[in-house]
Structures are given as C-alpha cells and as structure tokens.
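Look at the two complexes coming up: subunit A is in both, with subunit B in one and subunit C in the other.
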Partner chain A sequence: MANTNLPRRIIKETQRLLSDPAPGISASPSEDNMRYFNVMILGPTQSPYEGGVFKLELFLPEEYPMAAPKVRFLTKIYHPNIDKLGRICLDILKDKWSPALQIRTVLLSIQALLSAPNPDDPLSDNIAKHWKANEAEAVETAKEWTRLYASGT
Partner chain B sequence: MAVALLISISLIFLGVTVLILVHICIMGRPSSLSSQPSERKQGGLSPKELQKLPCFNYQVGEKRETELSSDCAICLDIFMKGDKCRLLPFCGHSFHVKCVDSWLMKVPRCPVCRAEVESMGLEARDDGSGCGFRCESSLNQRIEVRV
Partner chain C sequence: MDSEDDMHDANDVESLDDFYSGETALASDEDDGDYEFIDNDSDDSEDRTSHRQQQNYIILSEEDICVRQEEDITGISTVLFISRVAASILLRHYNWDVSKVHDAWFVDEEGVRKTVGLLEKPVVEFNLSPKEPTCGICFETYPCERMNAAACGHHFCCACWTGYISTSINDGPGCLMLRCPDPSCGAAVGQDMINMLASEDDRDKYSRYLLRSYVEDNKKTKWCPAPGCEYAVDFVVGSASYDVSCNCSYNFCWNCTEEAHRPVDCETVAKWILKNSAESENMNWILANSKPCPKCKRPIEKNQGCMHITCTPPCKFEFCWLCLGSWSDHGERTGGFYACNRYETAKQEGVYDETEKRREMAKNSLERYTHYYERWATNQSSRAKALSDLQQMQAVQLEKLSDKQCQPGSQLKFITEAWLQIVECRRVLKWTYAYGYYLPEQEHAKRQFFEYLQGEAESGLERLHQCAEKELHVYLEAVGPSKDFNEFRTKLAGLTSVTRNYFENLVRALENGLSDVDTHGACSRTSSSKNLGGGGGSKSRGGRGKITSQRPFPSQTKGLDDTNHWSCQHCTFANLNSATTCHMCHNRR
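Entry: the complex of A and B
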C-alpha cells in the first residue's frame, strides 16, 4: 500500500522524531500510512497559546523531500497566519521550501510562528485586522480560544 | 524636375532603410536577451547546465571522516567512499549528484543556504571538467579550507 517503497529518508526522519523528539513537539506516523503523521504542538510559554495542546496533521506528498509537507491545524486556533480550516501561512511550506528542511524543522517553525504572529502577512483577514487594531484584545481572544479548544486531552 | 524626383526617391529609400534598421535593433535585442534568462528562471537548471557544475567522487580521509559533516542534507545518508557528489561552486555545499540534481532542476538554489546556483558564472568552466574526476583535487582544497 502506501507504505511499500517508503524512501529511506522518511524512515530515518521518523526514527529520529520518535527517538529524539523536539521539546514541546510530538509527531508519530499513522499505522496504515507512514506518510501521514499525527502531530501535537504545545503552546509556547509567554504566548497566548501557553498551556494549549494543538493537534495538527502532516502529510508527506509523493515528491517529498522535493516538495514541502502538507501541514494543517486540527485544533481551532486564533492566529492571524492560520485560517479557520487550519491552513498555515508559512513561507517554508510554500516557495521557501528546501529539501534540506525536515519534518522536525517544519514543526519547529510552526511552533515559532505561535510565538510570533505576523499580522502583516495574514491568512485570516479578520483576525489580522483585529490583531493590528487592538493587539491586547486579540491576544485575549487567542488565550480564550486556547482555553476553550486546546486545553488538552 | 528629374533631379528633384531622383532626390525624393532616394530620400524615401533612405528613410525606409533607416526604419528597417531601427526595427531590427529594437525587435532583435529583447528576444535574444529574454530567451536565456526566462528559460532558466522559469524552472531550475537544464541538464546541460547541471553538467557544468563540479562533480567529484567522495574520498574518505583519516582526518576528514571525523571532522567534516558527512551527511547528504537531502537523503540524510552518510557519504560513502566513491559516492558521486556535486559541489555547488558559489557556496561550497556538497550533496549526492542524484539528490541535488533533481532539486536544481526545479529550483536553482542551494538547499542548505539558498545561494543562487547560476549557470552564467559557470560558462567559463565549460571545459569538459563538469561531471568527472578532474575536479577532485580542487575539491580537496576546498574541503581543507572548510575544515
């Protein structure tokens, strides 16, 4: 099935992710499709997402690593660079992808994006407008959404 | 009368010639300019351009084995003795030929540092030393510098 002829690179990355996970990040492949990963990212400290556990899905397309992985938030999140479908606006997932990047580096970048929202390059216009007009209030909404939708288990 | 007619005919002829020359100048230049860069920028490098990039067979030296980063950043495999590798001339990063070529055909940038891999700068070394064994010595020098 999808697991036959899995490139060595994917096997290596998977082994390293499982044996030496990055802090605050867990990624494990699905049993029936080794290209599909269930991901969890802990909200970074000192961000509005602190205390939250965010679920994501990550899929390695056939062309990987010559094409970027497809990543999407499954947990609802109030962030100017993430839309309501969970799609993420991050350059390395699009035109800045490079085959020297890995699943680990992609997830670390997403974790960093949670610490540093960028309303000047929005994916969600309303949230970005809110962020620019009244950052303190937007941060409060983000904290509330974290409590409501990302409070673990 | 005949002289005036002759002069006006020759003036018309001269004017048309000048117009044709101007047209050739204007139309000729952009097409010759645009054909090369657009071919390269649309995608990555062509197989011909890839051939011009330096290539070498990986050698395992006593010192180098421990001191040089010995993984290919694309397949994550360790470089083995005799592996066919490619050295990107402007940044000095190396990868397996088969790994980096499939990327450079899509995007002409180094996977590690994003330095542009231009074929223009490589024209000068179009001496057949592309993918062979002749670059080995020059690579050894580079490796020494990097270590």
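Entry: the complex of A and C
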C-alpha cells in the first residue's frame, strides 16, 4: 500500500543501509511498510550506554526528504535529551533538518548524542537536573538502566 | 550554524543598546523636563499645540515601503560593490539597518560574508566528469543543465531545489534566510534563485515576506494595528510622544500598539486591559455573590427567598445558606427557618469571619472596579458614536447645512473641528477612568484633585457635545438662513477651543502624576474624601512628578470657595484675582 511509488531516494538509501551498514547501527525496513524502519543502535564505548542494545523506530513521512524523518527510542533510556516516551531532542530532527541529510547521518548523530549528552538543552528536566547536579551519580543511573532495559535479552 | 546564530543575536542586542541608550534617556527625562520648564508661566497655548502636533513619524503606504526598501538595497549594493540580491540578504540579516550593515562590513568583511553566507567563490568544483552527476537529495542522475547550485557550488537537481524552496517558503518568513541544502554549507540562497526555481505562488509569497520583513524586522517601523489597515509607520525613535495617528484615522500608541491612551502610561493600560478581559473579575464576582454547595462544590447564587437551599440535580442537596449545614439539622430547634442560631453563634465565636470578610472585600473591590469600568466603557461607546456622527456630518449634513445657511463649505470647518475634538476628548476621558482606578486610595489629596479635574473635564465636554449635537440641529432644520448662525459659530468654536485647552492641561497634569498636589495638597487633606469602597490600592504613580513649578491649573488645589478667585464666565475656570484674562480661554474678566 504505502510501498507503491516509493521514491528512488528511499529505495537507494535502504539498499545502502542494508549493504553497507554504519558501525554499531542497523536499520531495516518493515515488510509491510517500506517507510517504517526498525533500528538498533549499540551503546557507544566509553559511554554509560556501553554494552546496551537500543531499539528505535524511524518513519519517513510523505514529505521526506523535504521533511525530517521521525525517530523515537523504544528502549527505555536515562539520557537528558531523551524523554520517557523516547522522543529525542536533536536539532537536525527539527529546524536544522536538510534534505541533503540521510537516514544514516541521522542515526550517526543519535549515536553521537549517546556519547555526548547535553544537559544544557534538555528534553527531560529531571534527568538534566540530575546530570548537572551530580554527573557521576546520573551516569551510574544511566548504566543501571542500560543493564536493566538494554541488555539485549 | 549554531555559533553563527549566537553571534547574530549577540550583535543585535549589543548594537540595539548602543542605538537607543543615548536617545531614550534624553527623551524620557530631560526632554519632558525642558519642555515643561520652558512652558512654565508663559502664555503658551499656541506653542504647546504646535509642539504637540509636530510629527515624529511618517505614515507609509505599501508603495512607499517598496520604494524605501529598493533605495536601501540600491544604496548598500552601490557602496559595498555587491549584487542587489546580496545587498538584500545582508540588509535582512541586519534587520534593514543600513548603518549597522556599513559598520559590520567595514570592520570585518570576511566575517560578515561568512556569517551571512555570501561566498565570493565556490567551495566545491562542480564535477564535470563524463558521467552524469547525481543529485544529493533524490539520488537521481541528471544532465548538467538540469542541476543548479548557490554560490557554493553544491549542485542539486532543479526539481529538488523547487521542493526545498517551496517547503521553506511554506514554513514562514524563515525562508528569507534560506541556505544551501548541504548541511555543512552556509551559502545563502537569494531571491534570484527563488525566482528562477520556485512556482509563481511561492515567488509571490517570498516577495510578500520580504516586504513584511522590511517593516516587521526594522526597529523603527511597525504596521498600523487597525484591522484591515495596510499602512506602516516609520517612527523617530526617542520622540517624546508615542501617539501616532494613521492615515486610516486610527490613533495608536507606538510603544505598546494599543489604541492611543494619553495621559495613561502603557503599563497601566496593559494592566487595565488585562483586568477587563481577565477571568479574575468573574472569579471575584462568583466569590462575592455565591457560595459553593457544601456537597458538590458548584457555586450557587442566592437571588431571593429563604435560607433553605436545594442544589440543582443531580446533587439536590438541601442545606442552610447561612451555616452551610444540612437542612435536616434545621427547624424550630435552631431558631426557625429564617434565622440560623448555629450561624449566629459561630459568627460570634469568629468561625465564619475570615471567609465572610474575604467575600465582603471581593464585593467591595468588584463594585469599585465596576464603577470605573462602566464609565470607561460608556466613554468608549460615546466616542464610537461621536465618530460615526462625525462621518455622517461630513458625508451628508454639512452639505445640507451649507445650502440652508448659505455658507460655503470652507466656513463650516468649525463643525468638523468641534466633532474631532469631541472624539478626542472622549478618548482622553475614557482613559482617565483607568487612571483613576489605579490612583492609590490613600492619596486623598491627589484623588480629590483628580476627581475635580475629571469632573470639570466631563462637564466641559458635555457642554461642547450638547452644542455640537442639539443646538446645531436647529440650524439643520431651519427653513432659511438663520440670523444668529454666526453667533452659533462663535460659540461652538469657542467651546471647542476652551475644551481643547482644558483637556490638554488635564493630560499634562495627569502625565505629571498630579505633582501639583505635592506642594499644595496639605490643606485639602482635611476635607472628606470621596472614597469609592474598599479594595486594594495599587502602586503609586511615580516617575516624573518632580517638577512642581509647572502649574497647569493654578490655584485649584487650594479649594474653590476661596475669595481670592474669580470664575470665568466663558469656561468656568477659576482664576487668581490678580489675573485680568482667563488663564484657560483668554477671555477678559
């Protein structure tokens, strides 16, 4: 249904994502909707998310690539720029989106966000406060959540 | 890109401060001071009028705006040796402030070019390899002539460009700062590319945004806020008066863009408007006039009858209005159905006091507010009526009058002037009620003085309004020319000028925070003050009240029954005995 008249750009991006995946990232389209992707991102080394496997969903709206893809964490994660519904605060998903960006670049940016949380531009106030007040403790909580919710079982 | 935006913002704030600081300080303090000192003790009504009417703004039609915008673009383009499109982008970035563009450009051209995205040469060489190039957005290959790029050289196919531009234009005025789609590139996309690649609809929208930007982003221009009005106003920043009269006949305050509101300041107006619209007044009313049902908590207004209240379905709880206890506990035992002993006892013990008091206070404050609001609103509608009367006068009546009284139209100007004055006075009078509402309750002398001035203004205006409405009627209905028409002219013109003077002085006195009272007020403090109920006072009107040497109303604060005054026969103004002509209307004693 939604797969008819799929723009060549989406087909090509999908092919490249499957044939040449970025390290630590996998993205595969759903069988019944080629605009819906199941995504897995490995927690980056040297980050509190190391060892975790994080599931995300990614959807390419009708206007894509003129409009940004919609991305959301499905795995619970303790991160100042990600809220409890899994929504992500990332500029390129909003006003800084450019049609020259791709699914791959978006996912790499999200991976980078896991390595470098930004509590000064928070989506989740409580976590950001925690992060700024006592970073060591917040990092511990993030590790704990990674063990609890993202251990890949 | 983030850092660029930050830089931009920082620049704006800084230069804005520089731009205003010197001038506004002058305008708000010293200008006023000078103005009043010069006027002081001189016969100056002419000076004042001319000073007031000196225009510190220019009304611009859409055409004027275009012309100015074009001029600015041409100017920058010529001085900086850049294309008109580049000049337009540059001006837009600096909020159409020509001198800011000059300053920034000549200090650091390279930096400005980088920030704004005006590249001198491409950052990438277009790959003209034999293979057809691929568009970075749709991933299709195209022949070179169907690809396009901004100054940076990042090529995309025309279809993708069109989509990119269209998305941006439909997102709003941000399209005026469009950049190359390549995320690492900040090259600006100007109107030339828009016109080449966008649909006609989008091109129109873009130029509309560009025009609006020239008014909306410019610190010294604003649109007239009247509905449907398409004029903009160019204002000389730092002028003493904020009042602007648009060509559409709407008068508004430049500072807050509410309708013109002298003598009340913008802050008070904002408070008043908020108060008028605020839910809080409804809440006050509910609080003052209702009690919550003890069971379902819905507010109940008791408008008549006995204390036995039955709440509406589905609650249907029966209770006593006085003690809010269940009705089943009531009867002969508790003191009959019309008095509740439980309540009386509890009241004596002080249990009910707090809520009762609060209810009482809310009621008082509501009554006080209603008093001022009603008068404010009445003058508002009276003004609207006067305005339509004026229009009717100009459209029909004047011609009729001209025929009947055998007067050329030019000799009937005094009637239009009278009506314009009425309209203006109604506006001022209306705002004096907001002023009165916020005049602190405890400043008895000021309140008394204020109410006196307001009362005088009101009756003066009524006289004028009456004359322009009722007395004129006689001459409109007359069969032939009336002998005494010239007398009527003298009377109405006289009243107009007296009222104008009175109101100008009133405005000035109120804008001064009634500072006269500071020096003369002591004696009137003993007399009883007309208090208008309880309620909270508000902040004292401070600021410019320092200048006490200026006396728009000499003597009035000393009480009017003094024997050292005479009352003018023409305008009723109370003059000092030493004066031989009326201070207000200049007629002889």
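Just so it is clear, the second predicted complex is superposed on the first by the 152 of 153 C-alpha atoms of A that agree within 3 Å, B and C clash if a C-alpha of one lies under 4 Å from a C-alpha of the other, contacts with A are read in each partner's own complex, and residues count from 1 in each chain.
Going forward, a contact is a pair of C-beta atoms (placed from the backbone, for glycine too) under 8 Å apart; a residue touches a chain by one contact, two chains touch by 3 or more.
None of these values were measured; they are calculated from a predicted model.
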### Query
So, does A:Leu74 touch the first partner subunit B, the second partner subunit C, both, or neither?
neither
### Query
If you stack the two complexes on chain A, which partner ends up touching A:Ala112: first (subunit B), second (subunit C), both, or neither?
neither
### Larger contact residue set on subunit A - subunit B or subunit C
C
### Task
Please work out whether A:Leu18 is in contact with subunit B alone, subunit C alone, both, or neither, and reply first, second, both or neither.
neither
### Message
Quick check on the superposed pair: does A:Leu148 touch subunit B, subunit C, both, or neither? Answer first, second, both or neither.
### Response
neither
### Message
So in the superposed three-chain picture, is A:Met66 touching just subunit B, just subunit C, both, or none of them (first/second/both/neither)?
### Response
both
### Task
Return first, second, both or neither, reflecting whether A:Ile92 touches subunit B, subunit C, both chains, or no partner chain.
second
### Query
If you stack the two complexes on chain A, which partner ends up touching A:Ala100: first (subunit B), second (subunit C), both, or neither?
both
### Touching both subunit B and subunit C, residues of subunit A
8-9, 12-13, 65-66, 96, 98-100
#### Entry: In the complex, subunit A residues that touch subunit B
8-9, 12-13, 65-66, 96, 98-100
### Task
Under the touch definition given earlier, write down the residues of subunit C that touch subunit A in their complex.
1-2, 136-140, 154, 156, 160, 163-164, 166-167, 181-183
### Message
For the complex, give me every residue of subunit B touching subunit A.
### Response
73-77, 99, 102-103, 106-107, 109, 111-112, 114
### Summary
So, in the complex, the side of subunit A touching subunit C is made of residues 7-9, 12-13, 63, 65-67, 91-92, 96, 98-101, 105
